[in-house]
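You will see chain A twice below: alongside chain B first, and alongside chain C after that.
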Partner chain A sequence: MRERHGEKVKKIFIEEQYCIGCRLCEIYCQVRHSKSRKILKAFRKELQSIVSRVTVEEIGYNSFAIQCRHCADAPCVDACISGAMIKNENTGVVICDQDRCVGCWSCIMVCPYGVIKRDISGRKVASKCDLCFGEEVPVCVKNCPNEALKFTDTDPDTASAKLG
Partner chain B sequence: MPLKLDLSEFEVLRDTQKCIECEVCVRQCSNDVHEFDTDDSRVYSDSIKCVGCHRCESLCPTGAIKIKKKDPEFKENYNWSITHLKNIYKQSDAGGVILTGMGSDRPNTVYWDKILLNASQVTNPSIDPLREPMEIKTFIGRKPDMLEIEKGDTGYRIKSQMTPQLELSTPVLFSAMSYGSISLNACRSLAAAAAEYGIFYNTGEGGLHRDLRKYADCTIVQVASGRFGVSRDYLENAAAIEIKIGQGAKPGIGGHLPGEKVTGDISSTRMIPEGTDAISPAPHHDIYSIEDLAQLIYALKEATDYSKPVGVKVSAVHNIAPIASGIVRAGADFVAIDGFRGGTGAAPQVIRDNVGIPIELALASVDTRLREEGIRHKASIIVAGSIRSSSDAVKAIALGADAVYIATAALVAMGCHLCQKCYTGKCNWGIATQDPYLTKRLNPEIGTRRLLNLLRAWSLEIKEILGGAGINAVESLRGNREQLRGFGLSERELSILGIKHAGEAW
Partner chain C sequence: MEKITKSKTDYLIIGNSAAGVSAAENIRKIDKTGGIEIFSSENFVNYSRPLITYYLSGKIGPDRICFKSEEFYSRNNIILNLSTAVTEIDTSRQEVITDRGRKIGYGKLLIASGGKPVIPFTSVTGRNNKAAGPGSEISRLGGLEGIFTLTNLADAVALRRYIEENSISSASILGGGLIGLKTAEAFLEMGLNINIIELSGKILSASFDEEASEIISERVREAGSSIFTGSTIESIRTDGGKIKQLTLTGGKVISCELLVVAVGVKPDTGLVRNWGIKDGQGIIVDEEMRTDVQNVYAAGDVTRSHDRLSGQEKNIAIWPLAVRQGAVAGKNMAGQNASYRGGFFMNSVEILGVPVISLGLSSLEESSSRDIRVYRTRHPEKQVYRKIITRNSRVIGAIFIGAVERAGIYAGLISNEIDISEVLGNISGEDFGILQLPADYKKHLVVGEGVEV
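And now, the complex of A and B:
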């Protein structure tokens, strides 16, 4: 599926063969979305209120980190009853405007990847990956110790294998 | 708790002020040191299981963990050192040979550290390698007795019959490490880095994995006593062949990859049934003399149509000089000598720490002997066994080596912390393991990049050292022992090394 206007946008991809299941992506995501943005303070004082927008799925030794795919035809946008879930026409990024979100969870029901989370720490809202708006590279990608997470416009799975 | 005399080697210090109970350490430790207690919401650590690989310390996002060496403070006794006591405790507990990994850690003399390099002052100019040409390209292989050049229609050309050579962009090669002893991702990193930088890597004795066939042009394949994976295809998918007689860490000792590690890919790569022990006999059962060795060398040359160099790797032992002379006379195109401090994936500790001689002395005596006999040009010398830095490499070349093999240094570049537990198969850095949960930890893209950086850094340093000495080609350094001075060494050591003492001049 192509993005609107045929433009390619950068997305987060996972090379699951190199995901080591350390979950540092989750930790840094929580820090990034905390108030203080300081790891010790966030985990000491805010942990209850911060949801990681990336999740590491794990079965046996297989693991991968998954977060919002920012679908071209995002079903969450269509399902949203309050107009909180918006897809930016230019960047292709799907963002949840938490001020407008009414916490009906319709988006969660339709999300084919199960990557929208419930944030019930305050008023119920949907919480999802915002590609770390304002950062050059999302923090999960930046802090992946094995470079399994990539921020690129080419899906590494479809690109030809680079190494053996 | 049963009586346990062996004590923990390390202590895990956790700063609870900084620990955020994220459990990264719990997930990363293959030795089950860390455990999250759900009742207390705290991570507890069992120091006795810690091997000191520092994986948790490296990945802890808050720097809460520190792994500290913990030596039990027994009553001081120079003779009965803690090492001896610990070994006896272990052996009286288990009744077996103590296994270990990597090179010897004993405080024996490292001759590289007792040798100093020269630099130009006043009487000859030094060279700035960043502004002037500097050649460190190296050729490995037999050189002709005489080089005849003739003028052709299009220019000059070499008239002498040339033998196959390996062309190295820098005088460094990756030493033999088999798929089995290290993970496929580690092999991939080595192969890809060698290919990109224009050097060679060595498959070791574990066969050649199908994914690595594409790196044939930079592959040295090994034919060892177990003959694992040796086939027509194997020999053809290589730039050179190395017959492995011995390994510096365990001269005279064979290898044993337990059956449980011989699974899927490893079994097909080694060409042995799954689940069978991969045993490399201590000797080659068809080599009991130099003449037998010559037969194997020429059998391999015949099999490959004399298209690639065939070398022999031996460990540095007492009579290394006549052995090397025999190897050269047997027709080897290069002799690889692996010193006393060389690494391994598994070796009996008693062998590793007590058998063999230091590579510096072995190299000097081999180079001297081959020169005396007028056959030094007939084979290249590659030295291995703890080349730790570019200066070690330069000193080795000045002592007479053509190039150096590095393995431990390459592993360190990929993350190894020398915990010496390679033989357990639990390498937390994803290097010396086949556990799919652990091998993922070495992303070959990162491994390759780090190896390339290391090669680039060492090459730059080699050029700097050469430039400082007023030498503009590595060829002019080879065997140029006048560039070296020893210090703190005895007359005898200096005479074996063939170098003057610091302070001695022409």
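And now, the complex of A and C:
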């Protein structure tokens, strides 16, 4: 069980063997972060300019989807010069406050997963997974047709006790 | 001087920037009740030093220049002493003396005093000029108007005011490094005409290679700035105490109503001047961030610490390492065991809309040594340039211009010393990703826990 201050903390786990590279996670992430949050409206008007915070990597039959790992000791938080990148001590979630971000890309420079992106659609800011704040299950997980992403407090690979 | 008052605190921190604040935050996480006092010679509750050029240009206002709120200090019960410079450290009595006549005893002391600007020498000629005379140091030119350094917020505030009050329309910048270029960018955004004067043969020589430098130079020139490389200021001509004209080495004369000296920053070790540290070198710390004096720690730009690429002790004055060193120092000061794995040089900025990142030994070429290999990707039409440098099949440096996405993957490869001999083919490609990494490391990233860079 993953715990933080006595509370269970859920994380997204990647089950790469089940990923079929359909990229629905990317689409739903874009829709979730669109203004309308409606797939058709977003597709017609916004999709080109919305950054997906989850990335599907694919070579041949191998693929997986990856988004912010919300690291215990997050290098992006250390590197942030504007106070925009903050780790919530209670939930463990790493959030980029885009109002504070100045677009220096220090977070991109240090993220070993390469999961922070440049959003240059308006004022240039860093864009990353916010675990779909407000949703019970992140949309990339909810809409994955083959359960290649799991949102759980138990590591499906090891099912062992680890601190997040 | 006011009457000397005495007090005592458990944790005394000199410096209120990245390292000092990070240390205080980490101490408080462990020791909920111990007294923490931060001393800062500046008069700002909190601000991020790398953001001062953004403030200068007006890109961000005073409300957004802080990286921690005022509430951070009160919530963590940290006493912040502003406009108070520590002038002396008595390590045998474990106390410091401030310029306000206070003596404060400490249980543990952290020196996080940062850096100070390097000031070159030049000669000054002119009328009504108190400071004129060959060999005058610019910092001592108190009577001269129009010469600035730019390493703290007070500098930026003064510079902004000077430009407005004197309706300045052009400026010269001595130094084509990162601070110089960020200053140039701010000035260009303010509508000024710029001359950049750089001693070496190219701008950004410390952190980029020839090709990258040329791409950025072109962008800077396009934006309306002149670059004079291979030269420095031979003499300054003044009139009525104001700067008027520069003569560069080689004889070129340019008119100048404002000069910013941005040739570099060195560790501010003035407080420990009796420790025998050479000028320009930092305080040596071990991996717990201890100095060799009992109960005295140091972190951030004032230190010389482990450089993972050279294996030597080096002053690597960058924000992420200052934060990490401060955290390690704070944890150890509060009685935990934390160690600093070392770091390596890295920098990320946007210069005139072009994102640039440099990691590690980025200027090395194959001609530098037999075991060095260099992989490049170029798309000049998109202003994209990527260069990856390996030594014995391990990444030791990289440059990204234009396409900086996923640069951190390479920082991870450097940090974790991953053997990439099987994946070298596409190593500099824009589409290079985790899927192409060696199987073990890929598995570690995809199904493992967070890794430290």
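Annotations
In this section, the second predicted complex is superposed on the first by the 151 of 164 C-alpha atoms of A that agree within 3 Å, B and C clash if a C-alpha of one lies under 4 Å from a C-alpha of the other, contacts with A are read in each partner's own complex, and residues count from 1 in each chain.
Note that in this section contacts are C-beta pairs under 8 Å (C-beta built on N, C-alpha and C of every residue); 3 or more make two chains touch, one makes a residue touch a chain.
All values reported here derive from a predicted model rather than from experimental measurement.
In the three-chain model built by superposing on chain A, chain B fits alongside chain C with no clash.
Contacts of A:Leu40 after superposition: chain B is touched, whereas chain C is not reached. When the two complexes are overlaid on their common chain A, residue A:Ile12 makes contact with neither chain B nor chain C.
Once the two complexes are overlaid on the shared chain, A:Cys22 sits against chain B while remaining clear of chain C. When the two complexes are overlaid on their common chain A, residue A:Cys129 makes contact with neither chain B nor chain C. For chain A, the partner with contacts to more residues, out of chain B and chain C, is C. Applying the stated contact rule after C-alpha superposition, one finds that A:Val54 touches neither chain B nor chain C.
Between chain B and chain C, the minimal CA-CA distance in the chain A superposition rounds to 15 Å. In the three-chain superposition model, chain A touches both chain B and chain C at residues 162.
The part of chain A that touches chain B in the complex is made up of residues 15, 17-24, 27-28, 39-40, 43-44, 60-61, 143, 145-148, 162-164. Against chain C, the residues of chain A that register as touching in their complex are 13-14, 16, 55, 57-59, 62-64, 66, 69-75, 78-83, 100, 102-114, 116-118, 124, 157, 162. The touching residues of chain B, when paired with chain A in their complex, are 18, 20-24, 27-28, 59, 61-62, 184, 188, 191-192, 209, 211-212, 214, 435-437, 440-441, 443-446, 448. Interface residues of chain C facing chain A in the complex, by the touch rule stated above, are 22, 48, 50-51, 54, 59-60, 64, 66-68, 319-320, 323-324, 327, 346-350, 355, 357, 359, 404-409, 411-412, 415-416, 433-436, 445-447, 449-453.
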